[in-house]
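Two complexes are shown next, each including chain A; its partner changes from chain B in the first to chain C in the second.
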Partner chain A sequence: MEKKNKSSKELQNLGKDLVSQIKKGKNPKMKVPQRTINNIVYDKKSNTLKLGNKESTREFFHTGQAKKFLQTVEIAKIIKKELIDTGKHEHLRGIFYMAKRTIPKTNINLVDDQVESDKAIEDLEVITGLSREQLHTSANKMGSVVGKVIIKDGEDAIDWSKLGRGGWSIPSITDEIEFKKVNAKYIIYMEKASIFERLVEDKFWEKNNCILVTSQGQTTRGIRRLLQRLSEEEKLPIYVLTDLDPWGIYIYSVIKYGSIALAHASERLTIPGVKFLGITADDVTNYGLEKHFIKMNEKDLKRLKQISNYQWFKNNKAWQRQFKMLKEFKAKVEIQALSSKGISFISEKYLPEKIKKKEFLD
Partner chain B sequence: MEKKNKSSKELQNLGKDLVSQIKKGKNPKMKVPQRTINNIVYDKKSNTLKLGNKESTREFFHTGQAKKFLQTVEIAKIIKKELIDTGKHEHLRGIFYMAKRTIPKTNINLVDDQVESDKAIEDLEVITGLSREQLHTSANKMGSVVGKVIIKDGEDAIDWSKLGRGGWSIPSITDEIEFKKVNAKYIIYMEKASIFERLVEDKFWEKNNCILVTSQGQTTRGIRRLLQRLSEEEKLPIYVLTDLDPWGIYIYSVIKYGSIALAHASERLTIPGVKFLGITADDVTNYGLEKHFIKMNEKDLKRLKQISNYQWFKNNKAWQRQFKMLKEFKAKVEIQALSSKGISFISEKYLPEKIKKKEFLD
Partner chain C sequence: MQKKLTDTKTIRAEELAKDQREISISSFFEKNRHLLGFDNPVRALLTTVKELVDNAADASEEMHVLPEINVTIEQLAETRFRITVEDNGPGIVKEQIPKIFAKLLYGSKFFKLKMARGQQGIGVSASVLYAQLTTGKPTKIISKIDPKKPAHYYELHIDTQRNEPEIVKEEIIEWEKDHGTKVELELEAKYQKGKQGVFEYLKQTAIANPHILITYKGPEEEKVEFPRATNLLPIEPKQIKPHPLGVELGILIRMLKGTNARTLQSFLQTEFCRVGAIKAKEVCEEAKLQPSSRPKRIARQEAENLFQAIQKIKFVAPPTDCLSPISASLLEKGLKKEIDAEFYVSITRPPAVYRGFPFQIECCLAYGGNLDKEGPARLMRFANRVPLLYQQSAGAIAKSVGATNWKAYNLQQSGRNLPNGPLVIAVHIASVWVPFTSESKEAIAHYPEIIKEIRLAVQECGRQLGKYLRKNIRAKQEKERINLFERYIPELASSLAGLSGEKKTEIEDKLNKLLKKNMSSLLKENGKEE
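On to the complex of A and B.
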């Protein structure tokens, strides 16, 4: 409830400020921190991508800015009135449709494309300092979680250890759940739901006292917040498990360091302590996975080069060694290749061994 | 346990039959029902796509068939020994890696591409009459469910009404869960997880005593089996909710009539009683959604034409009327467009009204 009031108040202040400017006979304007690439900095202290200090001004009486100004104010109104004040949440696409109306006495739509409402929402995030979740705006719902954890979501107490083979379906917004009881030593976050099902069937989480999280593809904000909260509130280490390819490494990179698109939200999304568990280039030789090499194509190789040049990887010797080995391999390896060593090799040998030996990349 | 024995036995019989042929000095062969397009028929009686009666023979001493023969036998062995007999399940990709080994004293891999192991598994399905699930083979894990239902999965009793905003994460195989208590009048299956979250937040399932299921994209086998079982075992009507476009209509078509790729599995996947709830072309005029038209591109229009010519739609007047209207619109409409009428318009007006008036397409 308190959080809700805070968000509501911030938006109200934005409106009040504009009204007061108008009453003073001024051209109403807002200060918007710039989200362009040249205002995104890699903050060595926090080890994350962040926004710099550059700001733009958005004015109402300005032919190039009037529409954007209007969009920002309208979206702020929708979010305050229809979402925060009613306790509801809406997806980006739904907010687009809620905002898509003809400006009275014109033929002009307030927004014609979702990009416009999305940008307005991002602007509101940086103007108010509120996160998208605090603005009651959601993105994708995806992923599952299991483990010896009891949470509270609304009225429901949910025991993640009593959900059979499915697990709890992670909602798009995880800011409002409460951790009631957490009994786990660490978290494994994995790219692939098929590996999650393997580990669940093998009762890996029960035997090893850990939490398993999967996303089916890209890591949603809901999952990133969930992981960040478990890391900060419960001090649990998090290990990332992906394919050995530039795309898997980038999944790890985004969770740990943030992304350019969401640099303004780094504080609420990144998890500097997260570690990469595998598949590593060393695993290939240690576990004899060479015969399951899949040749990298042009796109893979280009992406690998880009990633190896990222500021946060550039001076990281352990990672540069991995990149070098990968470039020599000219090949990638899927996590499922471990099945060739036996269906439960991953849960009986690979994971326990690597975790025991602390074979992580940081 | 009984099911497991049945599957194990069927595979054993296949092996025994081959051994007995060999002992008689014969060239060992298997009869494989054809899964090519010219053996797929639309069965008017059951209203589903099915396999016809054409069979092929696969022989061991045959230059063109020896490898496929070997692949089929090897995959049968892996499935019996590593999966069914151990009670484990594996994804298609994992089975591929389990089968991918070099044939002794050659340089030849048993399988080089997942397509080969996938085909062998499909062949085993039609040879033995066992479903992929009975062969302990899984595909994608996807989707969520909520409602007043208590199921049992392994040792866990899971109450779908006590899972907060997330719901139960549906596993890739839903054949083995038990329905313990089902208190619902109908099921809504929806294409989009964002709509699921809207309905969950509005407590639609509680107020209207129904079950909500979503998939995030294509309908997985796990969801199709779950819906089919709820339809058959609990006699619940199922309503499908998608965008108004050829892709949404095809989602409905696959659930109801089956698909060409899985025609051999129709009996265990299709749900002839399922109805299409919306968005319909009539909704566009009834609810004034014209302003949210999104122009159809070439690909959309081509797909629309294909679908309207499907045998099961061809003589269906109600659907032909829809297709005609869509062709006139030359546009599609997203389900989220309903948000333009108010954030909870879908749960407070659109759905209750349509369901009360029984405005379904069959």
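On to the complex of A and C.
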């Protein structure tokens, strides 16, 4: 309850500050830390991406900014009054509909597109320093987890090992769950849900005493927060399994170092200890995956070049070697290519071998 | 073989000759009324008014009198009308009256190269003939040339066999006017309002002739007055000699026969403009004719050589001071008094030359105000100050206006049509010889020089209009921007009140005060965040 009071107060203070500016006869303005690539700093000490000090000002009496200003204030009001003060949570989509209405005597909608309300919420995060979770805002559930773990979520105790093939579906807010009993040696996070299903069917987690986590594509905040808590609170090593292509490598990069869009939340989301398990360029030669090469298009190559130039990869010799090999391949490989060696090759041979030999990239 | 063929041809020609009789003027008229502007009863009425008004205006101006023209149309029966046109012009000398009104192809303007309304001299007598053919009634004329002299009254018919006037009645009467002419005709016709009606014709005449005072009483209308916008007469156009390049072979032959010059060289020097001794000799040499040969003895073949020689030689363009344009400012004044719009722009192009004839283009645009916002713009075409109401989409003017890219001037346009919107486009061509596509004088022929000049005039006006519209759009946008803040303020006040827990009304009041304070900077601002 104290936490909620703090968030509510923060938002109210934002409002009070603006009102006092107005009362002093000033054009009301708020300072919004910039969330663009120009204002992202790689902090070598913590090994994470952080927001720099650049701020932009958002004023009401400014033709280019008025509507954004109004949107930000309106969404702050909705979150404070309708969510935090009543103890309820709402999805991004729901908040969009709570804010969407036509401004009287115009044909202008306060918000036209969810992108606008989403952006206003992200702005409020950086303005107030409150996390999206503290703003009672949730995103779609996109991931699953399975393992010998019992948690407490609100009043319910949940055993991740007893939820069948689908596992527990990870909510978008994972701050408030409690880990009651954790019996695992490590965690594998994988990009592909189909690999998750294979490993679950092969009872990989039972046999190897580990936790399996997946999402579709990019890792949601809820999953990142869950992984971070398991890493910090339970001291479990985390291995990442993705396709061998720039996009897969970036998924790993986001989990480990943070992302540009959420740099302001890095502290609560990044996991510096996470390691890359595969697919690596060496796996290609070691397991003879060349015949499953998919040619990289221009976009892939451009992204590869971008990633290899990121500060946090630049001086990493092991990674630079990978990038070089990929560049020579001019091709990418999917995790599923391992199935060509046998349907359970991944669970019986590939993963146990790699983990045993500690063939990770850091 | 050859001989036989020639024989048959000769025989046929002889047979044909038996059927050829002299065609009476009336049957010629019957067959060609469409060429003369009498193809239907509606148009016959307009053409008659038009010929009478044109003549009245030309006559007054020649005498340096500010024209005052009264037009009356009375409906006598379903399809029978009486047209009366009265002017304050110089009047007509007694002897001339019958010839001017009752002899076709008689007139003072036919061989003159001078900018004037009527050009071919077919006009008014054609109306007299039409009236006679449809009602059998004579045309009544009163004319007075001097306050001290009496007025002459005539009732005239045309002898259609001989093309000679037939005087039905002739007397001397008292007439209260100092000088002027009054013509009264009765004819079969149909009265129609609208774009091709008499009212529209007079209105447009008033636009292109802001120095003329016109009053009109139609059969269905109250009496209206189209007032003057200026008391200045147009500068009297000068008569010029033909330019060598503007003369066709037939006319050249007639000129050779009619000249008083003794030698070919002096003929060329005296009968044409821009021909001096050197040029004249050059022409003779090119035509392989002696400069000293007698013009009247020049045979057809030699005349053709002369004609061909002229085409090969370069002459200085004809003088252009013979033109009397309306002037951009007067055309604009004319449009202003008759068309209620919010923006006007006009231009007079410098004179140019087509086929040896000088001409000059003027254009005026009127936009917005009470003009119809829907549908295409209205195009008003004028030639030597005379409105052209028929064949709207034919001719050089419509072509040039349609070919202009109006989208560049912030107007809508589909294809090569007139632009859409509340717009009047007036285009005037002034020339010593306006090249009409037919005798009914409704469409201008497509000479490239003329098309180019019209295009340039329209484009220049269009650019000004575009500038005005853009400025207008900007002002509108600025106003909308302020409005938007007025709408945003209650929203922001209520959001802020909800967020901070403070009173909405107080926040709203303060914001409204701030809006007034920031107004000027908001009008200028176009900036975007980041």
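Note that in this section the second predicted complex is superposed on the first by the 327 of 362 C-alpha atoms of A that agree within 3 Å, B and C clash if a C-alpha of one lies under 4 Å from a C-alpha of the other, contacts with A are read in each partner's own complex, and residues count from 1 in each chain.
Please note the rule applied: a contact is a pair of C-beta atoms (placed from the backbone, for glycine too) under 8 Å apart; a residue touches a chain by one contact, two chains touch by 3 or more.
Computed from a predicted structure; not experimentally measured.
Student: More chain A residues touched by chain B or by chain C?
Tutor: So, of the two partners, B touches more residues of chain A.
Student: Considering only the touch criterion stated at the top, classify A:V182 as touching first (chain B), second (chain C), both, or neither.
Tutor: A:V182 contacts neither chain B nor chain C.
Student: Using the superposition on chain A described above, determine whether A:L301 touches chain B (first), chain C (second), both, or neither.
Tutor: In the superposition, A:L301 contacts neither chain B nor chain C.
Student: Between chain B (first) and chain C (second), which does A:S56 come into contact with in this model arrangement: first, second, both, or neither?
Tutor: Second partner only, chain C.
Student: Report for A:K77: first if it touches chain B alone, second if chain C alone, otherwise both or neither.
Tutor: Only chain C; A:K77 stays clear of chain B.
Student: With touch defined as at the start, can you tell me which chain A residues reach chain C in the complex?
Tutor: 11-12, 14-16, 18-19, 22-23, 25-27, 34, 36, 56, 58, 60-70, 73-74, 76-77, 80-81, 103-106, 108, 110
Student: Per the contact definition, I'd like the list of chain B residues that touch chain A in the complex.
Tutor: Touch residues, chain B against chain A: 82-83, 86, 88-91, 93-98, 100-102, 138, 140-145, 151-154, 156-158, 162-173, 177, 193-194, 196-198, 201-202, 216, 291-292, 334, 336-340, 343-344.
Student: Can you list the residues on chain C that touch chain A in the complex?
Tutor: Those residues of chain C that touch chain A are 481, 484-485, 487-488, 490-492, 495-496, 498-502, 506-507, 510-511, 513-515, 517-518, 521-522, 525-530.
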